[in-house]
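Shared between the two complexes below is chain A, which pairs with chain B and chain C, respectively.
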Partner chain A sequence: MALSTGRASSTARDRTAGSGGARGQDRHQRPGPLRRVMGRHWYAWAMVAPVILVTALLIGWPLARGVYLSLTDATEATMGRTIGVNVIPSTYEFVGLDNYISILTSSLFWDKLTWTIVWTVACVALHYGLGLGLAMLLNRRVRFRSTYRLLLILPWAIPGFVSAFIWRYLYNSDYGVINGMLKAAGLGAVGWLDDPTTAKIAVVAVNVWMGVPFMMVAVLGGLQSIPGELYEAAEVDGATPWQRFRFITVPGLRTVSSTVILLGTIWTFNMFPVIFLISGGGPGSSTEILVTYAFREAFTGIRNYSGSAAWGVIILMLLVVLALVYRRALRRQGEVW
Partner chain B sequence: MRRAFSAATMVAALALAVAACGGGDSGTTAAPAQSAAADPSKVSGEITWWDTVRPDSEGPTFQALIKEFQAKYPNIKVKYVNVPSDQAQNQFQTAAQAGTGAPDVIRSEVAWTPQFASLGYLQPLDGSRAVENEADFLPGPLSSTKYNGKTYAVPQVTDTLALIYNKRLLAEAGHEKAPTTVEELKQAALDVKAKTGASGLALNVDSYFLLPFMYGEGGDLLDVQNKKITVNSPANVKAMETVADLVASGAAPKPAIQDSYANAMTALKDGKTAMIYNGPWALSEIYQGKEFQDKANLGIAPVPAGSVKAGAPTGGWNLAIYAGSKNLDASYEFVRFMSSAESQARVAKEISLLPTRPSAYDKPEVQANEAVSVFKPIMETATARPWIPEGGQLFQPLLEGYQSLIGGQATPEDMLKKVDDQYRGIFKDWS
Partner chain C sequence: MSSVTAGPAGSAPARGVRRRGDRGVGRSILLHATLLCAVAVSLFPIVWLVLTSLKPRDGWLSSELEFFNQPSLDNYTRVLTETQFPTWLLNSVMVAGLTTVIGVFLASTTGYAISRFRFPGHRGVMWMLLITQMFPVAILIVPLYNLMASLGLLNQIAGLVIAYMTVAVPFCAWMMKSYFDSIPREIDQAGMVDGLTPFGTFWRVILPLARPSLAVTGFYCFMTAWGEVAYATVFMSQEEKRTLGIGLQQFVGQHWSDWGLLTASAVLIAVPAAIVFLLVQRHLVAGLTAGATKS
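After this line comes the complex of A and B, so read on.
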């Protein structure tokens, strides 16, 4: 917000003073760099200050505390507190990187990481692919277009936990609708959530169902911003539909796609409710992703604050690295993001 | 618009939190009123009670008891909050740790009690008015209220598992009596399957429901006295082989892993299966099923014995008081009232939950309740679980093991080895 107001005012001044005018004047007067920034943008800074403060409080403080806890051996039993007549002293200690070492050397972590990556890639690929397909369908002139759009957006409007419960019922191996239909068609019932492989397919299917509407809407927005003249011109030049898709649609969608794919990746990587409510991480712990495991560490039995904080920090770092690599890859393609 | 809305929500939430902190302040007397007889008109305050029963079938009875209590203690106001039993533990831990929003009195599951106590969340009740005539409690439930030599709760109701069966289906298969051993169970189930078209036994894939098989072979999860992890024992291997055999032989259809509790209940209610393992809390729901419009069709028997004994686990619920309660006196009186023989008898009569006081079982209205009289002898043979703070953590590894056993991904030996490994992570200095 601050930058855009600043830029807007400087372009306005540029227009009157000619190119480089605003910057040139400042250089002549030579106030200190801080004062220069504050002087030019003080109102912008004043406006964002509350947001920065609240963000620092709401995000910065818990984050710092989480990082600190991950370096200790704090659990619910070793954190000090006084409740009524009960006084419990703090007995947790700083243990350095012990938590991280024990997590990174456990096979459990690598199992969960592998499945989390498979889960994310499968979900996002299907989200994007189906979203793109549906968006292209809906971008044409068809009858009842708005009805279709409304119906397709519906899964997104339902709260995640409600969809999860509905799907869990559909998957029920004895009384579920899906098995009911399979039986009616003369096929055998499938224990959808009872076998690791089918359970994985089941949770991916639900997440795809829930995530496609968002992709569809985002891509549709992107498609509508591509000028129709380009297609007309291409058609005149004799381009095949595939060529039109390849050389107009894909480049036209690049900005939207790169953003929604990154967002989708981060959301899916941390998609808690689908896994937790549908399979509960089971059977065994075969469908558990990193976040659901961190939750279990944090919220079952005597809570392991330090362990779950360490999991949280590792998940955060994985996502930060992912975002950086992704951004660099985009920049190499000449994308400004 | 959106930000304005969320800011308003936050302000409202903060206001609520502040109100919750300050809510129970009226008329506090902090010193524990020792056993001196309290004058009901002198004790005052507002207390919040987190109840965990099913709100539709069991809740009304408890709300009626609260009305009775408030009539007796006109200056105490009880705020009744129903928290689902699978969420209460987590919510209480969060609220107690944060120091805001915890109730004055909580209905705490027997396994949670030592955990809450070890974390300092519960008020010690020794010598307070909450505990009345401790000699008049069944030893099993009473033992769950002790931690480090102190009393932290009062037993409210107790329960255990039993074999619950459809008499008509068993009779059609030629069995007039309930099976008493696991071999008889298997035979009866196979006969039901062969002769009636219904399935014999619906298993519930849950750790608690695995315990009767383990206890039946003389196995256990831990040896608390000697600080030993005993889950990976030959007795338990035998128990797991029995369970696997029930499925493999067709006596029990392969159970669903998700929702197996609900599926087993539905199957029994609809007459699609002849037998399940379950506890007294399930009865009010089972009687709603079409097979049991005639209540006489429902049979309740002790869990079938393994090669050693018939061993069902002890469950149940205690009443505990939050150590940070602002109205300890009112809470003491409330717990005393709710755990009295009279209150227990009313609960037993109306919703068949089992009393924890022998004297309550002697009352005619309790003796008239058929379910209670069937469960009472079963209760006497029930095995107490280890009441340790880590008790709640024992179930997840066992559940994962049970799931992989049923799914055919692990043999009994592999499964128990894995559970054993996970227990060693919880009890680091045990042998």
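After this line comes the complex of A and C, so read on.
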């Protein structure tokens, strides 16, 4: 169908060109197939070209170079650089898969991977679960509905780094309001970001707070596109609320859900500011996820460019595998994506 | 199309059609109680931020729970006069503004091309846009840093803008495509029949129709640049080139922190963003879900 419209528009153009006498002249010499393709698609290519260029230059090239760096032993010390007028040539060498082997055999990587998966699954499950719950409440007939909706999406309106700083203050062990409330309730203060377990809970909580509004609103959109007649008919047939949820709501939400869950997973997996700004990966490196770790590897201490690039490649491959598996799973259910 | 999913049109049937008998009083109370709890959780951090920012200079240095404590604008005056905040703000505004303008332009031409033309390489472009959204900062940042260094773009606003393009444009092009898909093709054809070139059709006919989606895309680009931390941290090492995201980290460092300054500047940053956000949020959601339900 898309193909036919493309042709339709070009035939429309041919027709106008044919009827306008002056422009009809260049129809006399018949262009070769290549020129015809060029002539027809010239505009399309011209319009896509800037993005292709930008992407190729800024993603393609760095990506290729990143993959190459990951196969070398480049660090800050061996990377070529210019100091004033002195040009110091690069001295790093090609080392094959050494970086990958040392990463994949280190327990650090597997620790980080486990925590990253726990982090992603916990966050996305809570985002989606809470978002669905709130969306279903807001989809009812309830007074002040739009006020509730507006207030509930406010966290989404706060820029990510500002939210991170707010929460860091709330978690502050001496002056934070959370400990203030605990003390007022007669309980002891908790060093939220000083202990690995509470720090993990803390960062998950912040990310959930930041992410639920998006899920809620997206699911609400999905819910409102389900025709109300379906529910009425089901009710007439005597379906219980659970059955209505199971057989109308869930299937009706499938397209929206599958998209937002995939997006949410990718975003959470790569979520940088929350962890970087709240816990800084600490205490130790217990809350560091793969992305923040790779960043730290490249830009703190002796900058280990090759190691960081190898981490990056591994992260990217994990995500590509995730997306492919997910896509296949959707296909089996008859989704087209 | 975009207004169908989340606009008022979408909410009407749910309200009108489902005439289940009235809820019992108990269930109504429960429903409102749940919603109020959720609202409390979602608002509390923000309210607390504002309250803290209004406390006097060292008001945050208190382990007592107090909502008000001699409210003053002391923190705000300090932020605006005694710190680099105005410089950072200016840098952030420039970076975000440029990202928005260029990003919207690139995203709309690309979105239009992949929505309307079936040219060779069409699928490739669509895939590229989808896949680049998955790229973690970690893999690109080092080579991009080296690339910027060799082009002399470190500590330059232009360098940061270019880096943000890689984040914002693929997603925005995707959003624009799904919006263009919802504009009937007959309109393009009418434009062509009237003698406009394809680009003329796009510029004079389709773009004005796509204004809501342009607003959303612009907003997304703006927020991407406004809230980014990782690239900014690495690329802008000079004090006077910093953006807000990095600058604020200085108020709460390892050895010294001043939450009064931080909370006041956080309010200054969040309020305009939140206002614009609340104005466009309906379209934002519609744009996202339109893309999600169509594809």
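Worth pointing out:
Heads up, the rule we're going with is that the second predicted complex is superposed on the first by the 287 of 337 C-alpha atoms of A that agree within 3 Å, B and C clash if a C-alpha of one lies under 4 Å from a C-alpha of the other, contacts with A are read in each partner's own complex, and residues count from 1 in each chain.
Convention: a contact is a pair of C-beta atoms (placed from the backbone, for glycine too) under 8 Å apart; a residue touches a chain by one contact, two chains touch by 3 or more.
This is a predicted model, so every value here is computed, not measured.
Of the two partner chains placed around the shared chain by superposition, neither chain B nor chain C is touched by A:V325. Using the contact criterion defined above for the overlaid structures, shared-chain residue A:W156 touches chain C, although it does not reach chain B. Of the two partner chains, neither chain B nor chain C is touched by A:A233.
Within the superposed three-chain model, A:G191 lies in touch with chain B and out of touch with chain C [touch as defined at top]. By the touch criterion defined above, A:S279 reaches chain B but does not reach chain C.
Touch counts on chain A: comparing chain C and chain B, the chain ahead is C. Within the superposed three-chain model, A:T55 lies in touch with chain C and out of touch with chain B [touch as defined at top].
Judged by the touch definition given at the top, the superposed model places A:L316 against chain C, while chain B stays out of reach. When the two complexes are overlaid on their common chain A, residue A:L108 makes contact with neither chain B nor chain C. Contact with neither chain B nor chain C is seen for A:V250 once the two complexes are overlaid on the shared chain. Once the two complexes are overlaid on chain A, the chain A residues touched by chain B in the first and by chain C in the second are 79, 168, 172, 174-175, 299.
Against chain B, the residues of chain A that register as touching in their complex are 76-77, 79, 81, 83-88, 168, 171-175, 191, 193-196, 278-280, 282-285, 296, 299-303. On the side of chain A, the complex with chain C involves touching residues 2-3, 5-6, 8-9, 12-13, 16, 37, 40-41, 43-48, 50-52, 54-55, 58-59, 61-63, 65-66, 69, 79, 134, 137-143, 148, 150-163, 165-170, 172, 174-175, 177, 179-181, 183-184, 209, 212-213, 217-218, 220-225, 227-229, 231-232, 235, 255-256, 259-260, 266, 269-270, 272-273, 276-277, 290-291, 294-295, 298-299, 305, 308-309, 311-313, 315-316, 319-320, 323, 336-337.
Interface residues of chain B facing chain A in the complex, by the touch rule stated above, are 90, 93, 96-97, 99, 115, 118-124, 254, 256-259, 263, 266-267, 322-325, 328, 389-390, 392-393, 396, 399-400, 403-404, 406-407, 409.
By the touch criterion given at the top, residues 4-6, 10-11, 13-18, 20, 28, 31-32, 34-35, 38-39, 41-43, 45-46, 48-49, 52, 60-65, 106-107, 109-110, 112-114, 116-122, 125, 128-129, 131-144, 146-147, 162-163, 165-166, 169-170, 173, 185, 188-189, 192-193, 195, 197-199, 202, 223, 226-227, 229-230, 233-234, 244-245, 248-249, 252, 259, 262-263, 266, 269-270, 273-274, 277-278, 281, 285-286, 288-289, 291-293, 295 of chain C touch chain A in their complex.
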